[in-house]
Amino acid sequence: MNLSVKIGTIVMKNPVMTASGTFGYGPEMAEFIDLNALGAIVVKGISVRPKQGNPPPRIWETPCGMLNSIGLQNVGLKAFLRDKLPFLRKYNIPVIVNILGGSTEEYCNLAEALDGQVHGIEMNLSCPNVKSGGIMFSSDRALFTEVIREVRKRVKRSTLIVKLSPQAPVRDFSIIAEAEGADALSLINTIPALAIDIETRRPRLAKGIGGLSGPAIKPVAVRMVWEAYRSVTVPIIGMGGIMTGEDAIEFILAGATAVAVGTANFIWPDATMRVLKGIRDYMQSHGIEDINSIVGGILWEG
Amino acid sequence: MTKCFKAEVISKEILSDRHFLLRLFIPADSLRPRAGQFYLIRTGTSYDPLLRRPFSVFNWDNNYMEFLIMKKGRGTEQLLQVSKGMFVDVIGPLGRGFPLPERGQQPVLVGGGIGIAPLYLLAREIDTQKIMLYGGKSRDELIAMEYIKMIGDTELRIFTEDGSEGIKGTVLDGLREVLTDVESPVVYICGPGQMIETLKGLEDLRTDEVYVSVEERMACGIGVCLGCAYPTREGMKRVCIEGPVFKLSEL
Amino acid sequence: MNLSVKIGTIVMKNPVMTASGTFGYGPEMAEFIDLNALGAIVVKGISVRPKQGNPPPRIWETPCGMLNSIGLQNVGLKAFLRDKLPFLRKYNIPVIVNILGGSTEEYCNLAEALDGQVHGIEMNLSCPNVKSGGIMFSSDRALFTEVIREVRKRVKRSTLIVKLSPQAPVRDFSIIAEAEGADALSLINTIPALAIDIETRRPRLAKGIGGLSGPAIKPVAVRMVWEAYRSVTVPIIGMGGIMTGEDAIEFILAGATAVAVGTANFIWPDATMRVLKGIRDYMQSHGIEDINSIVGGILWEG
Amino acid sequence: MTKCFKAEVISKEILSDRHFLLRLFIPADSLRPRAGQFYLIRTGTSYDPLLRRPFSVFNWDNNYMEFLIMKKGRGTEQLLQVSKGMFVDVIGPLGRGFPLPERGQQPVLVGGGIGIAPLYLLAREIDTQKIMLYGGKSRDELIAMEYIKMIGDTELRIFTEDGSEGIKGTVLDGLREVLTDVESPVVYICGPGQMIETLKGLEDLRTDEVYVSVEERMACGIGVCLGCAYPTREGMKRVCIEGPVFKLSEL
C-alpha cells in the first residue's frame, strides 16, 4: 500500500501533516505521538521579529467549531532557527515553516533566511499589509500577486506553498498563485467570524474578530479544495475541520494530495495518528493500492 | 508522562443542584497528580460542544481520581449527564501545581467557591498544620463542606458575603487578618477571576510566597494552541504549561 | 417594552421574521404557531415560472449545520398570487416575497408584478445569470449593480430588500446595494459547501454543491452583519444559525434591526416563537425598553 | 392536529446489537397515528447531530407509542443512549399512512428488514386475515420476530437471501408467487431504498393496489423545507406530506 505523496519536491511518507498554529513547534506533541510517523510537520507561523500576540481571551467555542485570535504570537525567526529547528531536525520528517509578515519585504526576508533550511515554506497571507492600511495580502489581488512573485524569487531550494484564505475567490486566487510560481497550495485558513457576549456586549475575544476553525467549516473547505483542484495543476494541501480518516478521504477525493489536521489536535493530541489510521483502513477496505490514485477521485463533473 | 486515555466513571455524587463530584477509574500506571494540576475531560462523540474542559484534581487514590465540578454551561451540563460505567476521555495531569510549603512556613489556603477544588487536595497533601479560608457569596456557594471539614490538622474559617454562614465578608478580608498574625506564611489561592483581579491590586500581598491558580479559556491544554495566554511581568505565559499556578508577584 | 422595528416602510410588531425557504408559504406552520405573532413572514423564493427543483437527495446534515440544494423549487409567480398570497393576507403580518431570476429582466418582471401587492420584496441574488454563463448576480459587481438598479425603478410601493451572499465582500456589496437604492439589506444567505460520500465517491447532494446553514455558520454571519452595519445606514435583517433569543440578541448587537429564523424552524416548528420569547426575556432582565436602542450596541470599535 | 412536545421514555428494549424498541409516554390528547405515519424525534441539547430523525410508529396504545429503531449513524446512536425517565422531543404523527384494505381485498404485507416497523402496526390494524412476507439478507436482519409472530390472523412467510432462515430468496420473489394465487390483493410494502427501486422495475406490480412507503432524507418533516422531494409521475412530491406512502403506480 503506497501512502507516499509529493508536495513540490517534498516527499512525504504519508499525506497527513499538521496545520500551522495547532501543533506548536513539535516538542509538546512529541509526548503524545511519534513525530516520525507524520507526513510532515508545519509549525506555527513565524515572523521576522518575535510577537507577543493578542491579550486574552483568545479563544471561544462555537457550535462545532472555535474562534481564535492568537495574534500571531511566535518566537520570531532567529529564536526559531536557534531554539526550535534543531529539535525538529532530529526527526526524519519534512519541516514546513509557515511565514507571516506585515510587508512584502518581511515575507522576502523570512523566505531568504529559511530557503534551504527547511523543506517547505508556507506563506500565510491572512495578514494585514501595514502600508496599505490593513488590507489583507490574501484578499487583495495586487498585493497577493506581488508578494508571491517576490518571495518566489528568493525561494530556490525549499518548496513554496501558498496558503489561501476562504475570503478571496478560490478559483482566481489559485490561478494567480500557480501562475506566480507556487509549488503547491494549501487551504483553507480560518474564516473570519465574530461572537458577542450579550451580557457585556463585548466580543468574546479581546481582539473582536477571530478565525473560525473545526468541523463547522469542513463542508466549506471541501468545496474550496474542489474548486482549487479544478483550477490548477499544482498539488493541494486540504484542511478545515478534519477530525477523522473519513474526513481526510473526503478532502482527498475533492482534490487534496495531502491533508492537514488542525483543531482536531486540541481534542485528541493524537488526532494526526487517528486520521492516518483512518486513511489506511479506508484504503485497505476499499482495495486502494496507492493513495495518489484517489486524489480528485470524486465522481462528479461539477 | 502526560496521558491521554479513556476513564470509566465509578460514581457521580450530586452535592447540590449545581455541583457534583465525578469519580473516575484511572489506570494504575497513570502519573500521580500534584495539587493544582488539572485534567482535560470530554465525553460523547458529538462535536458540539467541541473542546475539552479543564478540571483540577479534587482528590485521588491508587485507583481513582475525583473532580469537583460546578455546572456552568454546556460542557459541564453534559458531564452531569454521564453515569456509572460510561467512559470519558481524559488527558492529564497537566500544568504546574502548587509547591508544597517549606519547613517552617505556615500554609494558608484561600479558596473562593469552586476554587476550593485544588485546595482540598493541597490541604490533604500538606501534613502539617494549616489555615484554610473558604468563602462564597452565600452559604450555597460553600460546597463539599462534608469533605472539607474532614481534612485533618486544619483551622477552617468560613466566609460569606451575605453572612449566611461563617463570618460576613470575603476570604480576602480574612486573609489580610491572618497575615497580620502569622510569621512566615505561604499562601495558596484559588478563586473566581474577579477575586484574582482584586488580589493583583493588593500591594501588601505582592510577596514571593503567594501562589495563585488562575483560569483562562483553553483549547488544547497541552501548550500548542497558545489560546490560554495570560499576561505576566515576563510576557505572555500559557496557563496550561507555565500555570495554572503562578506566583502572585509574577502577575 | 417596545419590540416594534421598521424595515423600509414596513412596520413590524417585533423583529422576528422567517428566513426564505424555511417556512414554506405559511399554512404548514400555522399548525404550530400563530402566524400573527410574527414580525413578518418571508416566503420561499418565487420565480416567474414554476420550478421543479433539483432531484433528491437535496439535503445533508453536517456538523452543527445542513447543506441544501432545493434548486429553487417553487410554484411560480402566478400560482403564488392566486393560491398562496390570499392565505397570507388573512393574517395581520407584513408579507415579504423573496424573488429569484435568471436574468435582470426576470427580476424586473417579478418586481413589477409584486410591487404594492406585498409589503416587501427581497432579492435573492444567489442565482446564476443565464446569459453570462452562470456567474452569480450576488458575486459579480456589474451584474449586482445593474439588477438592483433596474429592479429599484420598478419597486415603488413595496420595501426593497437586497439579500447578500457570504461569498462577496460584504462592505463593498453593502455599499453598492445601498447606493443603488435598497431600502434594507438581509444577510447572510447560505455558504456554498460540498460533502462527499466516500463510499460512492459522489457528492451527498444530487446537485453536488449545496448551501450551508444552521448554527455552524452563526459566527460568520454575525461578523458579516457587523461589517454591513458599519458600512451602510439602511436597516439590516440578520440571519444565519439563529436558534435562540440569545443568538438573535447577538445579531442585534452586531447591527441587525430585525432577525430571520431559518434552519431552526426545522428543528422546532415554533422556533420563531422561542426566539421572540428569548428576546423579550433578555429585554426584561436587562431593563431594555426599546429593542431599537440596542441595535448595533456592541461595545467595540473594530 | 400534529403535535410537537416532549415525551418521557418509558422503556428501551434492546432487541439485537443494532435494534431496539423505544417506548415513549405520549399524552392522551395526542392524535391516534395511522400505520405508515411517522414521528420526528430528537434528543439532547447539542446541535450535533442537528436534525430530527424520522421513525414510523411501530405500535401504540392509549398512553404510549413504540418505535422500532435500527442503529445506523449518529442520530440513532444517540437515541440508543437515552434511558427511562429521560425526555425526548417528538413531532407527529406526520405524513400519510397506509389506507386500510377495502372489503373483499386480500391484504399482503411485504417488509424488508427495518421496513417491518410500520407493517407491524398495519397488520394489527387490519382485523381480517392477511398474508405477511418478511425478509432480510440473513436471519439477523429479521428483527422483532417475537412481536411479529404474535399478530393474529396472519399467514407469515419468512425469506432470507442467504437461506439462514425461512425460504431462501427475497420478499419480492415471494410476493410474485403470492400474487399468482390471490384474487384481489392489496399490497403494502416497506423496505430499503434498493428494494423500492427494484419494485419500480416490476411492471406486473404497477397496479393501483400496491402501496409503498418510501424514505428520503428529511430536515423539517412538516412540509416547509422541500428537502424530502421524491420524483413521481406528477412531479416532485414531499415524502413528509404527500408520502411516505405512495401508490406504486404514482412513482
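Here the chain labels run A, B, C and D in written order, and each chain numbers its own residues starting at 1.
By our rule, a contact is a pair of C-beta atoms (placed from the backbone, for glycine too) under 8 Å apart; a residue touches a chain by one contact, two chains touch by 3 or more.
These numbers come from a predicted model, not from an experiment.
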Original post:
Count the touching C-beta pairs: is C-D or A-D ahead?
Top reply: C-D
**OP:** Let me have the rounded angstrom distance from the C-alpha centre of subunit C over to the C-alpha centre of subunit D, please.
**Re:** 36
**OP:** Could you tell me the distance, in whole angstrom, between the mean C-alpha positions of subunit B and subunit D?
**Re:** 53
Subject >> Centre-to-centre distance between subunit C and subunit A (centres being mean Cα positions), rounded to whole Å >> reply: 33
Original post:
So, what's the distance in Å between the C-alpha centres of subunit D and subunit A?
Top reply: 47
Subject >> Of all residues in subunit C, the ones touching two or more other chains >> reply: 63-65, 214-215
Original post:
Which residue numbers or ranges of subunit D touch two or more of the other chains?
Top reply: 47-49
**OP:** Report the topology of the inter-chain touch graph, choosing from line, ring, star, complete and other.
**Re:** complete
Original post:
How about subunit B: which of its residues touch subunit C in the complex?
Top reply: 47-48
**OP:** Provide the residue numbers of subunit B that touch subunit A in the complex, in ascending order.
**Re:** 1-2, 4, 42, 47-52, 89, 91, 216-231, 235-236, 241
**OP:** Write out the stretch or stretches of subunit B touching subunit D in their complex.
**Re:** 44-49, 74, 77-78
Subject >> subunit D partner contacts - residues on subunit A that touch it in the complex >> reply: 63-64, 215
**OP:** Provide the residue numbers of subunit A that touch subunit B in the complex, in ascending order.
**Re:** 21-24, 28-29, 31-32, 44, 52-61, 63-66, 68, 70, 73, 214-215, 243, 263, 265-270
